[in-house]
Structure formats: C-alpha cells, structure tokens
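Two complexes, one shared chain (chain A), two partners (chain B, chain C).
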Partner chain A sequence: MKRLGPFYLLCLAVAVIGLAICPTLVVLAPRETTMGFVQKIFYYHVQSAWLCFMAVFVCAGGSAAYLFGKSEAGDRVAVAGGELAVLFGICTLVTGPLWARKAWGAYWQWDVRLTTTLLLLMIFVAYLFSRRYGGPGSKKLAAGLALFGAADVPLIYLSVSIWRTIHPKTTVVSSLQPGMRGPFWAAFATFACLFVVLFGMRMALERSRAKLDELYLAAEDAGLLDGDA
Partner chain B sequence: MTPFIFALTVLLDVAAPRNLPPAPDTVQVAQKDSIAPKDSEGFVPVNGDMLQQGESIPASRLVAGAYGFIFAMVALYAASVASRAKRVEEELTALKARLEKRAS
Partner chain C sequence: MSVVREVALLLWKDVVVELRAKELLFGTVFFGAILVLIFAFAFYGGERPPVDVMSGVLWVAIALSGTLAIGRAFEREREGNTLRALLLAPISRSSLYLSKLIAIALLMAIVELVVAVLLSFMLHASLIEHVLSLAALLLLGTVGFGAVASLFGAALGRARSRDVLLPLLVYPLSVPVLIAGTRATTALLLGEDASFWLKFLLVYDAIFISIGVWVFEPVAVSE
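Moving on to the complex of A and B:
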C-alpha cells in the first residue's frame, strides 16, 4: 500500500478532530435572534453545499480532460469528484429541509434554488448510473453529462439574486456576527479536509482499479490467461 | 468526551423550553384566520400554515439530526470506498499470484 503523504495525514487529523469538536463549537456559537437554535444547521448545510459545488467542478475538470485530452487520469479524477458531488449534494438536500421545517414551516418548497440544486443532484446521479450501467462508450457520455451539470452551479449560486426566492441570500456568510464566524470557518476547515481525505481514498481506489485492468490486459496479451474460465 | 458534551447540550436544549414561554426555536403556528396578504404578483408568503395546529418540533432535534445524517453518510461512504478498495487489492494479489504460477 502506498504511504500516505504529510498533507493527506494533516487533512485526516483536522477532519477527525474537527468532526469531534465542531458540534460543541456550533452549540456554543451565539444563537441567531430570528430563527433561534435551528439556525445552527447552517454551519453544516452551507459547507455541504460548497463542497458539492467543489466536487462538481472537480468532476467537470476531469471530464473535460478526458473528453478533450483523452486523459485516463482525468477520467479517474472525474469519477471520484462525481461520487463526492452526489454525497455532499444529498447532505445539502437533507440538512436544508430540516432547517426549512422550522424557518418556512415546510420541508420543501419548489423554490428556484432548491429546484436547481435537486436538478444538479439528479444530473450527477445520472452521471454515476450511466458510468456503471451504460456499457461501452458510456464514459464519454457521462463526461458530457458532467460538463452539462457543472453549468447548473452558477445558476444555483445566482438564483437567489436573479429570481424571487425565499432561500436566504448569498450575503448571509459575509454578514455573520463575529461570534459565529469562528465556528463557521472551523466547520469549513473540517469539511474541506474531509473532502480531501475522501477524495484521496477514492482516487487510490481508482488507481488500484487501473493497475488491475493493466495487469489483466498485459496478461491477456502475453497469453497467460489462456485456458482460464 | 466531546460527543458526550454535545449530547448533553442537546438534551439540555430539548428540556429547557418546557418551563419557559414560547421559545424562539419553536415554530409558532399561524392562526387559520390570519391569512398573509398576497403581493402584487399574487404570491402568498409561506408563514407556517402547513403545520398542524399546536405542532412544534424541538429545533435541537433537527440540528442533531442534520449533523448525525452528515456523519452517517460520510462514515458509510468511507466504509464503502474502503470495502471496494479491499476487494480490488485482493483481486490484484490473486491475479499476480496466478500469473506468477503460470509463468513459472
């Protein structure tokens, strides 16, 4: 097994420590006057959404490298990013409605931001399904789908500014009270390191798969697999 | 230790509002007859009318649920990747052994 680099180990340590202390920091953060305790979901929800976007861009970058540069490494980056986009997308779309139940009185509204985020998640679920079950040529189809999905991210981000929406504006983070900023950025550091750790794990899996495929091909070319069932 | 403190804080928060007047973290149900006015485009703001009369969910439960869900999802995903990696490594080792046997 490949030795873990110091950056990866640092991220792993920050992620583990952060996951342990973040709940305490969040609970101790000042209580927002209008929404009360439920506002604390914000500390996980925003981070999940940002990392979902990050994963989408990673997937789109890898897909572009694969489509236009025929890079197999790009494809491996893309599939790792695609899975993380779905993971953090689900986290965003579950934590948001838990907050909305209190703030809006309903788990779900067909608001522009919520609907476009759901659309993004569905595109990346389709990306993973097409890779898994699409057969030959599906990698290229999936790469196109990832680029199409990435175009949804600016739409999601700007949706609260362009359209009439009940979702909080993008200025929420910049207008946080001083006491809330520490827990917010601590949660961000935790989630960012978690992203690096999960991405590293997923990339290691893809590298092992590539090695296995190469070995099978080399063995077949050398006729070493002849006679096997 | 930290999860214990977190659980204790959440439990205290659940218990606290019982002896207090309506807390800011409990949803106040809008009266049936107080319908929010429509704006110029005919939209009616969401004001909690979708809740049943008297219904109230402790906010701490929702916050703990949100964190618990993320924690569970990340743990499941990490376990899934580790399990897939283990299978691939086993297959790789088995293939290498098979090829060495054939080659000799």
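Moving on to the complex of A and C:
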C-alpha cells in the first residue's frame, strides 16, 4: 500500500467523512412538499445513476485502449469500470423502485430511463460473465462486448423513447431548492470519491494479480515449482 | 483480391458446405417451426390472439433460431479446424466477418419465410398482405442481429461455456432490434406507418456492422 497518492488519500478521506455525515445532512435537508420523506432517496439514486454511466464510459475507454493499443492497463481500467457499472447500476435500480412505489404506485414502469438502465446493467453483467467464464481470450471478448454495449445505449434509449415517459427530468437537479443543494452535492462528492477509491482498489488488485502471474511464470521457468506441479 | 470478391468466395464456400450437409438449414428451420408450435399452444386460446403476440412470436423465433444457427455454424468451423485455415488464408478479416454475416442472413431468410408462413396459417396473422415491407423489415432486423451474433459467435470459438455465453452476450445487445422489429411488425399488421422503425434498424445495422468490422480482428482473431 506504499503507492497511495495524495489524491487517492484525499478521496478516501472525503468518502469516509461523507459516508459518516451525509445521512445527517440528508435528514436535515428540507422536506419536499409533494413527495415528503421518500424524496430523500433522491440523494442516493441520482448519484448512483450518474456514476453508473460514468463507469460505463470508463469501461468502454479502457476496453478500446486494450483492444487497439494492446494496453494491459487499459484492461485493468476496463474491469474496474465494468464492476463499478454493475455495482452502481444495482444501486440505481434498487433505490429507484423504492421511490417509484410511492410516487407512481408501482415498483416498475417500462419507462425510457428505467429500461435503458436495466439493459445497460444486463450488458455489463454479461461483460462480467464473459470475463469470468469466457475461457482463453475472454478479455478480448469482454472488451468487444463493452464497446458494443456503450454503442448500444443511445439506441436502446431511442428505441424506447417513443413510450410515454414519467421519470423526472434531469432539470430537477438544477431546480433544487437552496436547502437541498448542499446535501445533494455533498452526497455527490461522497459517491464520486467512493467511486475513485473503489476504482483504485480494484486496479491495485488487478496489478497485484498480474505481478503474481508474472512471478509464478518466472518461478516455473527457474524450476522452483517442480514439487507442487 | 477485392473485398467484394473475397466475401463472395467465402460466402460461396459456406453455401456449398451447407448445401452438402444441410444440417444447419434443416435443423434451424425445424427448430423455428417447433417454436411457432410451442407459442401457438401457449397463446392460442380459441380466439385470434392480439396482433402484438404475432409479432412477438415472430421475433422471438428469429432470435432463438438465429442463436442456434450461429452457435452451430462456428462449432462446425471449430470441429474441422477450418477457422484456422481461413485465418491463414490471404484474405482480410473484415471479409471473413462480412461473409459470415451474409451467410447467416441468407440462412435466416429461409427460416423466417417458414416461420412467417406457419404463423399466418396457425395464428391467422395476415402477414401476406404486407409482404414487401415485412421482407424489408426482416432483412434489416436479421442483418442487425447477425452483426452482433457473428462477432460473438466467432469470438466465443475458444470459450469453454460458449453455448451459455452466446445468448447471454447477444440478447441484451440486440434488444433494440427486437423492440424495433416487434413494434414495426405490429404497426404493419395494424396498417400503420412503420417507416420510423425501418430507418431505426438501418441506423442500427450501419453502426453495428461498422463496429463489427472494426473490432472483429482484435476480438475474434488475434491470440
């Protein structure tokens, strides 16, 4: 753990402090008049959704670097991004329906954003599947899937956009009451730092794994592992 | 050799192999027919089922039999080690991808013909009235599905659990094709305008064939 940069430590600190104080900030934020208490899930839901899409771009970028630039670091970026996309996607799709049950009277609607997020999540679950069970060449296969997945998102969005949409628009964020803005951006900073922390940990794990593989091969070449084989 | 000639030669090879074995053709057509039967039993309750059931059955049959065909087509290449021979041949990788895509679209066209005819008999869908628009729709949809499926079919050639992974990878990516296909078929059957969906499929095909040509070599070929 000696290579932790100051940026990483700062993010770690913000994430820890944020996770400790955000619940209080969210409780103290003004109560929304029409939705009441359930509106508070908004402080978790929006951030998760944004970071889920962010992770998708990170994964697609890493995959492109791996496929075309043969960059092993790109592959590590991609796997960290892919896992975070699934993690934050699940957070989005768990918090959303909890709110929707109260707001719309149903947990699920075939709304544009809901459908797009669900399919995005499926694509990245498939990404993790293909990495885990794809056998030899699975990294390349998964990287291709990530690129296809990123290209698929706008099309899924377009294909379901003719259905009626009831999901609140993004303008909700810019039209927040002054008292809600502080907690909202504090929660966002916390989640974003959590994202960086998890991303860094996952990258470090993959780096160690690659190094272990290298050492194992070197030891095998040197004839040190004969007894175990 | 120009790309067109390469694609034509590779396609000719696939057609000749299939005409000799007839395994894929018979297998997939029969599978499509069985699917229509299963859906007919599941949905036919004495009355004429609603229009969207028809389009749903049609496109689900296409997706399922298409996956079966792709899986088997690449399995055959793997068994005979012919994929390696193709990779050693002095042809561009994109020709290989495009020829597989066209071969699968040709095979699926026959399957779709049988499925559509069966559907109109068994579920009394009036598919024949809109035959031209429906043909264009099926062509665009199949090419879009094939663009995704041929890439991953080739890429999964070496994977252990490829039979499980192929549908897991292909279905989420081809959801826009299935949505557009079912919506457009329903619109055609109701006598409404389906041109938006035809254009949508055209855009989907263009995007995914381009990405397919672009990533086929790094994803499916190089070690």
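As a convention for this text, the second predicted complex is superposed on the first by the 207 of 229 C-alpha atoms of A that agree within 3 Å, B and C clash if a C-alpha of one lies under 4 Å from a C-alpha of the other, contacts with A are read in each partner's own complex, and residues count from 1 in each chain.
Here, a residue touches a chain if its C-beta (ideal position, glycine included) is under 8 Å from a C-beta of that chain, and two chains touch if they have at least 3 such contacts.
Remember, it's a predicted structure, so these values are computed and weren't measured experimentally.
Of the two partner chains, neither chain B nor chain C is touched by A:M54. In the overlay built on the shared chain, the residue A:Q109 is in contact with chain B alone; chain C does not reach it. Of the two partner chains placed by the overlay, only chain B lies in contact with A:P23; chain C stays clear of it.
When the two complexes are overlaid on their common chain A, residue A:M35 makes contact with chain B while staying clear of chain C. Looking at the shared chain after the overlay, A:A192 reaches neither chain B nor chain C. Contacts of A:C91 after superposition on the shared chain: chain B is touched, whereas chain C is not. In the superposed pair of complexes, A:Y216 makes contact with chain B only, with no contact to chain C. In the superposition on chain A, A:V14 contacts neither chain B nor chain C. After overlaying the two complexes on the shared chain, residue contacts for A:M201 are found with chain B alone; chain C is out of touch. Of the two partners chain B and chain C, more chain A residues are in touch with B.
Chain C contributes residues 148, 151-152, 155-156, 158-161, 164-165, 168-169, 172-173, 175-176, 179-180, 183, 196, 200, 203-204, 207-208, 211, 215, 218-220, 222-223 to its touches with chain A in the complex. Note for the complex: chain A touches chain C at residues 67-68, 119, 122-123, 126, 129-130, 133-138, 140-141, 143-145, 147-149, 151-152, 155-156, 158-160, 162. If you check the complex, the residues on chain A that touch chain B are 1, 19-24, 26-27, 31, 33-38, 40-41, 44-45, 48, 83, 87, 90-91, 94-95, 98-99, 101-102, 104-106, 109, 164, 166, 194, 198, 201-202, 204-205, 208-209, 211-212, 215-216, 219, 224. On chain B, the positions that touch chain A within their shared complex are 2-3, 5-6, 9-10, 13, 23-27, 30, 41, 43, 45-51, 57, 59-60, 62-63, 65-67, 69-71, 73-74, 77-78, 81-82, 84-85, 88-89, 91-92, 95-96, 99, 102-103.
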